[in-house]
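Please see the structure below; I have some questions.
A, B, C, D, E and F label the chains in the order they appear, each numbered from 1.
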Amino acid sequence: MKSAQPTGLNMGKRPLMTVMKYVDKVVRVKLKNELVYEGKMTECDNYMNIVIEKAVEYEGNGRKATYPRILIRGNNIMYIQLQPMLSEL
Amino acid sequence: MKSAQPTGLNMGKRPLMTVMKYVDKVVRVKLKNELVYEGKMTECDNYMNIVIEKAVEYEGNGRKATYPRILIRGNNIMYIQLQPMLSEL
Amino acid sequence: MKSAQPTGLNMGKRPLMTVMKYVDKVVRVKLKNELVYEGKMTECDNYMNIVIEKAVEYEGNGRKATYPRILIRGNNIMYIQLQPMLSEL
Amino acid sequence: MKSAQPTGLNMGKRPLMTVMKYVDKVVRVKLKNELVYEGKMTECDNYMNIVIEKAVEYEGNGRKATYPRILIRGNNIMYIQLQPMLSEL
Amino acid sequence: MKSAQPTGLNMGKRPLMTVMKYVDKVVRVKLKNELVYEGKMTECDNYMNIVIEKAVEYEGNGRKATYPRILIRGNNIMYIQLQPMLSEL
Amino acid sequence: MKSAQPTGLNMGKRPLMTVMKYVDKVVRVKLKNELVYEGKMTECDNYMNIVIEKAVEYEGNGRKATYPRILIRGNNIMYIQLQPMLSEL
């Protein structure tokens, strides 16, 4: 898909570099099935595949389950909630 | 996927270059789950992964929640509403 | 994904080159969420990301909303209706 | 995605080469939204993006609409029904 | 997507090479729409696009239709049931 | 999609390398259709295509079926539950 990319364009900051900064921090991830997973993101790659440890699963407002470690596939992530970092305040 | 692309074809303006112009502007994004997120798009890449700050979540006509910062995965975006820029008027 | 492609095969005309011919023409696009958007397609790329100006949104048979400019992500397009061009008649 | 592919492996016949043989023939395509489109496939590429002319849209057993020309995006195709060719009988 | 891949890593056996061994054998494929297709898989590629001949379509426990030849798009496959081969017993 | 990747960035540990360590171990996989499959993961690749042997299918809390061998397509995986390894305790 290379040729369709505006190479050489200044794209400002990049989302993938931003999410990498949250490795080892707590994130909250909403998947396509509307469930939400919260826990420490210990791994992440450029597809947004992420590993979350001590993940708590939420459905609506209720806690549903916990998992010691889950690997979430990036394409099924709707969004990742990121907390502004202290260094940015 | 390179070989299937009509390289050398004049493709006119390109959507990805257009969306890059809206970095640091307010956008409204509809996701596959029908929810809408509005806020300042601070980051964007060629997959249409975008970071929105002070994102307001809407469901139908009602405001549902706000998030300081969310990273939306590009493949789950249905569309991005863009306001015509003053320089174009 | 290069190696699985029948390079060197005559593929006849190509859909992506066809849709490029409709830049600046009115198209009608159906998305995965069953909504339909109609308006002038001002931009298009090889992922079928498209920009539509003065887009009218239809749900079933009713008009639902209008947008000055929307960027639709290609992977969420079910199909694009194309009108045969005069030059083809 | 190249490195994960078993290059050098004999893959027998390939689906994409097979569908190319149906250019200018009538195909029946089922999309993710369960609707079916039937008509002459005039164009096709390696993503399975296809152009169908005089497309008839079916929902369940009923005919719903016709379109002079539609471009269907490959990733939203569930399957394409292909009729065995006379030369194969 | 090359750079994110752990090249040089021993990945053990690979799923795509395994499915290739089932060319010309009967497989059972479940798609995203919950329908199941069973028949002889005559073609297959690295995207898991597959051609099935004399495909029987099942919905729940009932037989719904048969097709002489269908091309199923890989990304819409949930899973392929594979029977252990005699040589493995 | 190469140019959008922050090459040269230290990405910490990578999810795909982590899942490879679970080859020949029992995993639990949730798919987009909400069904869960549990069994020994005997094969895995960089798309997260995985082969599970003696797979037990669960729907909600009930056991629904078992399969000697299934190949699950990576893009339809919501997440893989991984048990912490003894060597990590």
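Keep this in mind: a contact is a pair of C-beta atoms (placed from the backbone, for glycine too) under 8 Å apart; a residue touches a chain by one contact, two chains touch by 3 or more.
Just so you know, these numbers come straight off a predicted model, no measurement behind them.
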{"item": "Centroid-based (C-alpha) most distant chain relative to chain E", "value": "B"}
{"item": "Centroid comparison with chain A (C-alpha atoms), farthest chain", "value": "D"}
{"item": "Superposition of chain C upon chain D: rotation angle, C-alpha, nearest 5 degrees", "value": "60"}
{"item": "Approximate Å spacing (C-alpha centroids) for the pair chain D, chain F", "value": "30"}
{"item": "Chain A and chain F: spacing of chain centres that average the CA atoms, whole Å", "value": "18"}
{"item": "For chain E, residues contacting two or more additional chains", "value": "1-5, 11, 14, 16, 32, 45-46, 75"}
{"item": "Chain A-touching residues of chain F, taken from the complex the two chains share", "value": "1-6, 9, 11-16, 18-19, 32, 34, 48, 74-75, 77-84"}
{"item": "Residue numbers on chain A that touch chain F, as the complex places them", "value": "1-2, 5, 7, 14, 16-17, 20, 23-24, 31-33, 37, 42-46, 49-51, 67-73, 75-76"}
